[in-house]
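Per-chain numbering from 1; labels A, B, C, D, E and F assigned in written order.
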Amino acid sequence: MKILVLNPNTTGSMTAKIAECARDFASDGVEIIARNPSCGPVSIEGYFDQARAAAGIIDEVRRAIDEGVDGIVLACFDDPSLDACRAMATCPVIGICEAAVHTATMLGTSFSVVTTLPRSVPIIQDLVLKYGAERRCRRVRASGIPVLDLETSADARQRILDQILSAKREDGCESIVLGCAGMADLARWLGEESGLPVIDGVVAGVKIMEALIGTGLKTSKVGAYAAPRPK
Amino acid sequence: MKILVLNPNTTGSMTAKIAECARDFASDGVEIIARNPSCGPVSIEGYFDQARAAAGIIDEVRRAIDEGVDGIVLACFDDPSLDACRAMATCPVIGICEAAVHTATMLGTSFSVVTTLPRSVPIIQDLVLKYGAERRCRRVRASGIPVLDLETSADARQRILDQILSAKREDGCESIVLGCAGMADLARWLGEESGLPVIDGVVAGVKIMEALIGTGLKTSKVGAYAAPRPK
Amino acid sequence: MKILVLNPNTTGSMTAKIAECARDFASDGVEIIARNPSCGPVSIEGYFDQARAAAGIIDEVRRAIDEGVDGIVLACFDDPSLDACRAMATCPVIGICEAAVHTATMLGTSFSVVTTLPRSVPIIQDLVLKYGAERRCRRVRASGIPVLDLETSADARQRILDQILSAKREDGCESIVLGCAGMADLARWLGEESGLPVIDGVVAGVKIMEALIGTGLKTSKVGAYAAPRPK
Amino acid sequence: MKILVLNPNTTGSMTAKIAECARDFASDGVEIIARNPSCGPVSIEGYFDQARAAAGIIDEVRRAIDEGVDGIVLACFDDPSLDACRAMATCPVIGICEAAVHTATMLGTSFSVVTTLPRSVPIIQDLVLKYGAERRCRRVRASGIPVLDLETSADARQRILDQILSAKREDGCESIVLGCAGMADLARWLGEESGLPVIDGVVAGVKIMEALIGTGLKTSKVGAYAAPRPK
Amino acid sequence: MKILVLNPNTTGSMTAKIAECARDFASDGVEIIARNPSCGPVSIEGYFDQARAAAGIIDEVRRAIDEGVDGIVLACFDDPSLDACRAMATCPVIGICEAAVHTATMLGTSFSVVTTLPRSVPIIQDLVLKYGAERRCRRVRASGIPVLDLETSADARQRILDQILSAKREDGCESIVLGCAGMADLARWLGEESGLPVIDGVVAGVKIMEALIGTGLKTSKVGAYAAPRPK
Amino acid sequence: MKILVLNPNTTGSMTAKIAECARDFASDGVEIIARNPSCGPVSIEGYFDQARAAAGIIDEVRRAIDEGVDGIVLACFDDPSLDACRAMATCPVIGICEAAVHTATMLGTSFSVVTTLPRSVPIIQDLVLKYGAERRCRRVRASGIPVLDLETSADARQRILDQILSAKREDGCESIVLGCAGMADLARWLGEESGLPVIDGVVAGVKIMEALIGTGLKTSKVGAYAAPRPK
């Protein structure tokens, strides 16, 4: 079983971190192919970066389909171009926001999201609506930490924990969803410190992708995800 | 990894069929424990049967927890007493309606459900709302076939296929969810005949449960699923 | 006119208090039959207790139907097994959460709920959604007082009043719904102290049940509440 | 106990019919005061008639408040100026659409409405949303019969029955709400013929008003229904 | 192009202020006819005033239609009797709440409303729902300033600014909608002080009405806005 | 006043048609700049084409911003990359689906959409939800005509009319929204034939853009549409 874990930004160190988390949790016999596009934004922070990343995502997804992957995980919490990827593929495709949100709803009746910058809050709110969890999501919180500072900022993990503890106390949420692929390596520590399930989308994405592949089901080719018309 | 697949009705032949489907799809190293309560209704068709099944479900879940299972799949499409089971357990617990509905939303933008009797339609509509898929669910259709007749009726599978083909033609849905654990063995054939992804909750439930266990996350014990107070 | 007011827990002193409130408000000629099951949890606090209470509820409802009651009021704010009872009965059946929520929407444009423990908050939020009042409900507040402590705690009524005054000040709500049958005797005092309509579900339940019986209408036997199939 | 049943149009024969239905179902000791404004539209069919009826409604409500009525039922299915009346009164005020819709949700999980003209359909859909029953209402059907023709048309009741039977067959609804005060006298017959609970708002309104008065609760004067400012 | 800007209250000085704002922003060749009814409430603060204003609104709208206006803007933030006016007219009719809310959704992903008295908050919340912006509206805030005090109170504009700054800080909103026609002259200053788009409904209403007229489209006469039946 | 009307596909003849419709309706003194990207898909039919068009849209929007346009209309009914464009610009930006949907809600209480291919139906349903019109939209209908065939197919306009007449008869809608920029030239004829307001997004987009520019308001730079971070 081969799974593409696609980091849609061009920062290789972040791809490496995502790959490590993915492989730590992948089942025996699952090959994780972790990649990022060669051109596009170095991080995806808001709608503009999403649009700029689209071409690179399409290229990497096409390459992976040609190589015969069994499933594709889009490893950016904005789930950019997710629907386009589904239209391209017959294998299952999921986004890490989608995977994390569904996972959260199966472990508690409510959750809050802790993400990076304020501009991502409305984007995530719309994704939560798209995935049908608007009644379960107590709040989307911005930590104020840019994506790439997650790797370099000395106090990043403490500030994220502070947001989680505030969420636990003020939002009445039963679990936490981490709102950036760059937080994947912090999930375990944050869970231990907070006493709440802390869900990282990369791990959730890989495991649910294994599940989807395991069912033998494919992306529906009737309707929105019909194969693109040649043009 | 040990997973309890609990058929909440008392019909052993149905438990056997569910067990077979579950084992066909379980990953290597996963032990499927398939059981049903010793007392309660022979099938669950509507709210009254759900209430009658509650005591047996609790007993079987408690027994499995004592035995140290890693996850519990409730194998009846009404997801009866699901929240109670979550409150009892620290391991993940899911229902097959929940698993099938989430799976459907990851493979297409819309689905219809084909279930057994008309009385189950409003129950499933409420579950679809609970799982946040009300905007994705085109229609819940009753085939008119009682649960236990699925095993004995000569034309059951054809009547279910007819409903699926009507759903494809009239509802504009992109996939199908089978609305009864007793239809698990028909999913593959129905998918081939209809050209749509046909999702059986037993298989979806087992695979997503493997995924949840694989993340290492547990049911939140803060809030709705806090451990029951001793009384 | 005979109305069963069923306390679904097994605490007789609570049944007595509920009976007294019900009789205080019942119309002339209405016989209030107040009962509780002989086995089951002593109080209903969360999903697990609901599931444990199901068998006792069914037994008492069946007995009352056999005796020919004209209506049934389920006197626990979680409205446990309400739909199952409706399927059993031809007479009207209501829950006290349902009755209180509808009453609140007819006396103001918004309300907050004050209940017992935090674990009941998500349960009540789901009931509020079920009854279509999600846009009217400002907040569900937990006082932190367990059900049975309502009878024994010296400061219970003051703590509930404090929550009501906070709701008035912070939630912008126009009325208050008491989220536990055990608060029935406090409603008048709380209303006088807070200057808001304070709605107790036991009284609302009895009065609305009298109204339903008075219309001559019965529970629909087409669809979800069709008579249970013999099994 | 004195209840004003206010027919907001100026057709006295319709007021008489409404009065008769109200009195048939009123409890012992309840005085039904049935009135209509002296000026305004002869029937209320759409938004314009509602606006024209506003002044007359206000006048009659003020008169009744001065006379000390205990509750007010607005006997037009559009519930015209209901919120204004609530702001004027301290006693409870309800509309017959509101009463009928709540009643329907307590007797079945879904309903369809059968009303008069197509122009009323969107109005009723908005009221159903206001009362939180949008997920329970399967369809609002227009019979094509103007309000005043209900009294004179030879085939009116048959055409309404036809709509009800279509609703039962096509909408999957479990009960029927009659969408005009002028249909009050037909409810019993329609229920017998259709085998569904058929809910007339006049009767539902009177009985639920008795219930509200019986609780001793008043309309909240905090917020939307605060007493009008003198001007 | 002639546009009626109808102030539905009877305060001439407020009509003059509204007229001035409207003319400041009207395109060349657009004639603004600003009027108010001769009888009715001096300001519209809540449901009761709305009902009292209905007759005057109808009269002025009929007069304008007879004069051949091309569009009608209802210049009160409660959009009173808007649907009735649409039924009367073939030309487009809009309310200033409607215009402001739609404008806000095209300039940012979320907004808060700052209005006058607390009693208007639930009214505006219902309008926001009617216009489909309930997921975009972060909060409706009352400044506590009565409508007519907006012209005379020395600190009114500062108190409104304070609410806007609180909204920016606490609500996470991206723009502000002013919730009263009497605030029209403050919009520019408030925008400069707050750094947010501050949307006044009078200006938004006039400009969007010019746009609607410019499309050549008319109010639909099929359904809810069909011409009133003669009676 | 300069408005960019951006056809996001690369078909020049379609750009010319859009330009002609836009100029026919633009006010005096408004300069319409109609362009399309030089590379990208020849038509936008589904999610994949949207993603492929993103780079070209960004380039054209940047160029127009540098040239100092006062507003931008995205002339494809999928509103592709609309949010990204808003983040880039300080001037207002709208999509033609957005403009048409808001226009429809101001002319009637409900509408149906008639678009091109079935794969676009779920996309438009999601946009309708985004714009808050999900309760107003009766149905999104596919005519089965690909975008570019609108210019060449002999029977295209008749097939679209047939869908509109079906919508009028079956959906109970009060107006029609044309779901493709390529239908702009048909709107008037379709309106005359159907007796319903038929709304074309290109015209609605230009007129509402003129309105937004006329208010002097700008896109909010706080939150989702904050200027992209340099990277």
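Convention: a residue touches a chain if its C-beta (ideal position, glycine included) is under 8 Å from a C-beta of that chain, and two chains touch if they have at least 3 such contacts.
Since the model is a prediction, treat every value here as computed from it, not as a measurement.
J.: If you tally contacting C-beta pairs, which pair wins, C-D or D-F?
T.: Higher C-beta contact count between the two pairs: C-D.
J.: Could you grab the centroid distance between chain C and chain E? Build each centroid from C-alpha atoms only and quote it in angstrom.
T.: Computed from C-alpha means, the inter-chain centre distance equals 42 Å.
J.: From the mean C-alpha coordinate of chain D to that of chain E, what's the distance rounded to whole Å?
T.: Centres of chain D and chain E (C-alpha means) sit 31 Å apart.
J.: For chain E, write out the residues touching at least two other chains, lowest number first.
T.: 109-110, 118, 121-122, 129, 134-135, 172, 174, 223-225
J.: What pairs of chains are touching here?
T.: Result of the pairwise touch check is A-B, A-C, A-E, A-F, B-C, B-D, B-F, C-D, C-E, D-E, D-F, E-F.
J.: For chain D, which residues are in contact with chain F within the complex?
T.: Result: residues 118, 121-122, 126, 129, 134 of chain D touch chain F.
J.: Quick check: in the complex, which residue numbers of chain B touch chain A?
T.: Residue list for chain B touching chain A: 25, 27-28, 92, 94, 98, 102-103, 105-110, 131-136, 168, 172-175, 188, 191, 195-197, 199, 203-204, 207-208, 210-212, 214-220, 222-225.
J.: Taking the complex as given, what residues does chain E use to touch chain A?
T.: Those in contact with chain A are residues 109-110, 135, 172, 174.
J.: Which of the residues in chain B come into contact with chain C in the complex?
T.: By the definition above, chain B touches chain C via 41-43, 45-52, 54-55, 57-58, 81, 83-84, 86-88, 118-119, 121-123, 126, 129-130, 146, 223-226, 228-229, 231.
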